[in-house]
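There's a structure below that I have some questions on.
Which chain is which? They are A, B, C and D, in the order written, and residues in each are numbered from 1.
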Amino acid sequence: MGRNRLEAFSDGVIAIIITIMVLEMKVPHGEHLHALLPVLPVFLSYVMSFIYVGIYWNNHHNMLQASGKVNGAILWANLHLLFWLSLFPFVTSWMGENHFAVAPTELYGVVLFMAAVAYLILQSCIIAAGAPTLRRAIGRDWKGKASPALYFIGIVSAQWSPTAAKLVYLGLALLWLIPDRRIENLLIDSPER
Amino acid sequence: MGRNRLEAFSDGVIAIIITIMVLEMKVPHGEHLHALLPVLPVFLSYVMSFIYVGIYWNNHHNMLQASGKVNGAILWANLHLLFWLSLFPFVTSWMGENHFAVAPTELYGVVLFMAAVAYLILQSCIIAAGAPTLRRAIGRDWKGKASPALYFIGIVSAQWSPTAAKLVYLGLALLWLIPDRRIENLLIDSPER
Amino acid sequence: MGRNRLEAFSDGVIAIIITIMVLEMKVPHGEHLHALLPVLPVFLSYVMSFIYVGIYWNNHHNMLQASGKVNGAILWANLHLLFWLSLFPFVTSWMGENHFAVAPTELYGVVLFMAAVAYLILQSCIIAAGAPTLRRAIGRDWKGKASPALYFIGIVSAQWSPTAAKLVYLGLALLWLIPDRRIENLLIDSPER
Amino acid sequence: MGRNRLEAFSDGVIAIIITIMVLEMKVPHGEHLHALLPVLPVFLSYVMSFIYVGIYWNNHHNMLQASGKVNGAILWANLHLLFWLSLFPFVTSWMGENHFAVAPTELYGVVLFMAAVAYLILQSCIIAAGAPTLRRAIGRDWKGKASPALYFIGIVSAQWSPTAAKLVYLGLALLWLIPDRRIENLLIDSPER
């Protein structure tokens, strides 16, 4: 199993996830602009999920570029990550259709939390299989390790204020929107592949 | 992040967009030909959107072929373009199901407009990252710069006549249907890749 | 635009078409085997369409392997073929849900007919762009040229007997199921790519 | 038809299958956690099917990596396998929505059974086309040959206890979850590709 296969398959799955989310936006029946109003919260959830999936795609590839050989553990850790990403369309739609109510907002956070944990597991597997560039690049990895904790705070805060939870999710998205320069910088010196 | 990754991911997303649009054509319940009549406007919208997505796919690749290194700005400008393209199935279906009514025709134009703007932004990012071939190829780029303005005229004209708006959209599609020979010509002399 | 891009994009679209057709098989509500009965005609249509799309994928690649440079005409002829293939899920579902009634069976034939014509057009464009191997390989191409005529006979015969039309479609599928050895044979001597 | 084409197309189809299954989880209408209860069995079926499709993807590629030239028989044996895999979303959804009732659990087993048989057929075709590495790697292949028999036991046992059937399916999934080290070991000595 070469790294290219793993990248191509992950690319395919992530491309499908990011695109089918839009299918959850049910086409309204009226022909006037206000018919779009009920779709608006679903649209906003879609935008946030699009950004999140975009971030995962971006960082996933930076990470794989810095990886060495692919073994069985990496393969299943990767499928585990894709599993949680595949739940994005479902939770995005549930949250949007219920106008960011408590339970859907919490479940959205749970999927974000699990995806972040799955990402950390995949990262550990790649480092364990021998990827010194990645190890140096991530350093102490405060961003990766803090994320699950912050998602957890978001989930709990949704109990009192779904808006607070939303802000936590959005803040973390913005935090990750900044490309992982640590890996990028180290890769710049590598020979062109 | 190599250029190939970006191309492969964009290809995947665009292939999915162009294909799932057809899922919005709900299968009619009757078994006679006239049961297809309500599907006809959705079909016509589908044809127009298919052509538009085809054009974007074509020009997107000509542009990337003339690009140099991929950086974070290009990556997110590309995701931004894919975001607007991903709304095609939704607006295509809404316009078709409402028989080209005013508001849906306007919204369709808004997505065309935003996609054209996103394309220009992506083009600027690629040129800013250093792509002299692309810079020379597009020249003054009157077609790229005029498109958003013309979409805007289409959107406004829909207020009085959705048919006029449709003709503007169709005219622009035909204008872009002609492959971007400027880039193609310059690439012909490049070594086979 | 390299040939690889065209192949990869076509692969993506065809893979999506062949897979989303199954989404048209609505999950029955009952839990007993006889709840599957209404799904059976849709399933049978799905099997036939799966075989047809598989044939197109197979022959499409044999043809592209024997092609030379890709130009604008080939690109749009290819998109034109993909357009008709993208209508397979719709007509498959309509035919299946109406238990092979006259009009849906005819429309299914029309899409088969148009896809066969689109394939011939694409073939001409590739030969016109200079593909001597392909030209020699297809020879007089009686199979390619006879297909549209036979689909036409199937469409007309559906007026009297949808079963006859079905048999024509099935017979043509079997005829094409045999891989296009003409091209394969000529490619065997080519150097490994 | 190169092996890469076959891998890329199969990757695409499998990536779509594994992702669209989640579309069968209908978004609940209530906004409270207990609104998720009816979705739970569908979710559990989804998890099992995700693991199964992941296993097929993994083993499919190990097998193709050890294969030689691709001929028409391999191509159609591969499409035959993809056909049965494409039915996973349908049977997963039917089984989940009917809370693992007898008939849906049996049908799920039938699709697992047919996919396992299709896998064996594909394996035979590849070996027949000349793949000594694969032949040595699989050895007597007790796992591959026993699987259809065990699925059959699962299907029959569902008549008395769907739970027993489920346990058989789960047990076989776990058995296959262990990557096929036989092929992996033999490939390790091969030159990097």
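Just so it is clear, a contact is a pair of C-beta atoms (placed from the backbone, for glycine too) under 8 Å apart; a residue touches a chain by one contact, two chains touch by 3 or more.
Only a predicted model underlies this, so the values are computations on that prediction, with no experimental measurement involved.
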**Asked** Same or different: at the chain C/chain D interface, is the fraction of residue numbers used by both copies above or below half?
**Response** different
**Prompt:** When the centre of a chain is set as the mean of its C-alpha atoms, what distance in Å lies between chain C and chain D?
**Reply:** 26
**Request:** Please compute the C-alpha centroid of chain A, do the same for chain C, then give the distance between them in whole Å.
**Result:** 37
**Message:** Could you pull out the residues of chain B that touch at least 2 other chains?
**Reply:** 8, 12, 16, 20, 23
**Prompt:** What graph shape do the protein chains here make by touch: line, ring, star, complete or other?
**Reply:** ring
**Message:** Quick check on the complex: what are the chain B residues that touch chain A?
**Reply:** 1-2, 5, 8-9, 12-13, 16-17, 20, 23-24, 72, 75-76, 79, 82-83, 86-87, 89-90, 93-94, 97-98, 101-104, 107
**Request:** Would you mind writing out the residues of chain C in touch with chain D in their complex?
**Result:** 7-8, 11-12, 14-16, 18-20, 22-23, 25, 27-33, 35-36, 47, 50, 54, 57-58, 61-62, 65, 177, 179, 184, 193
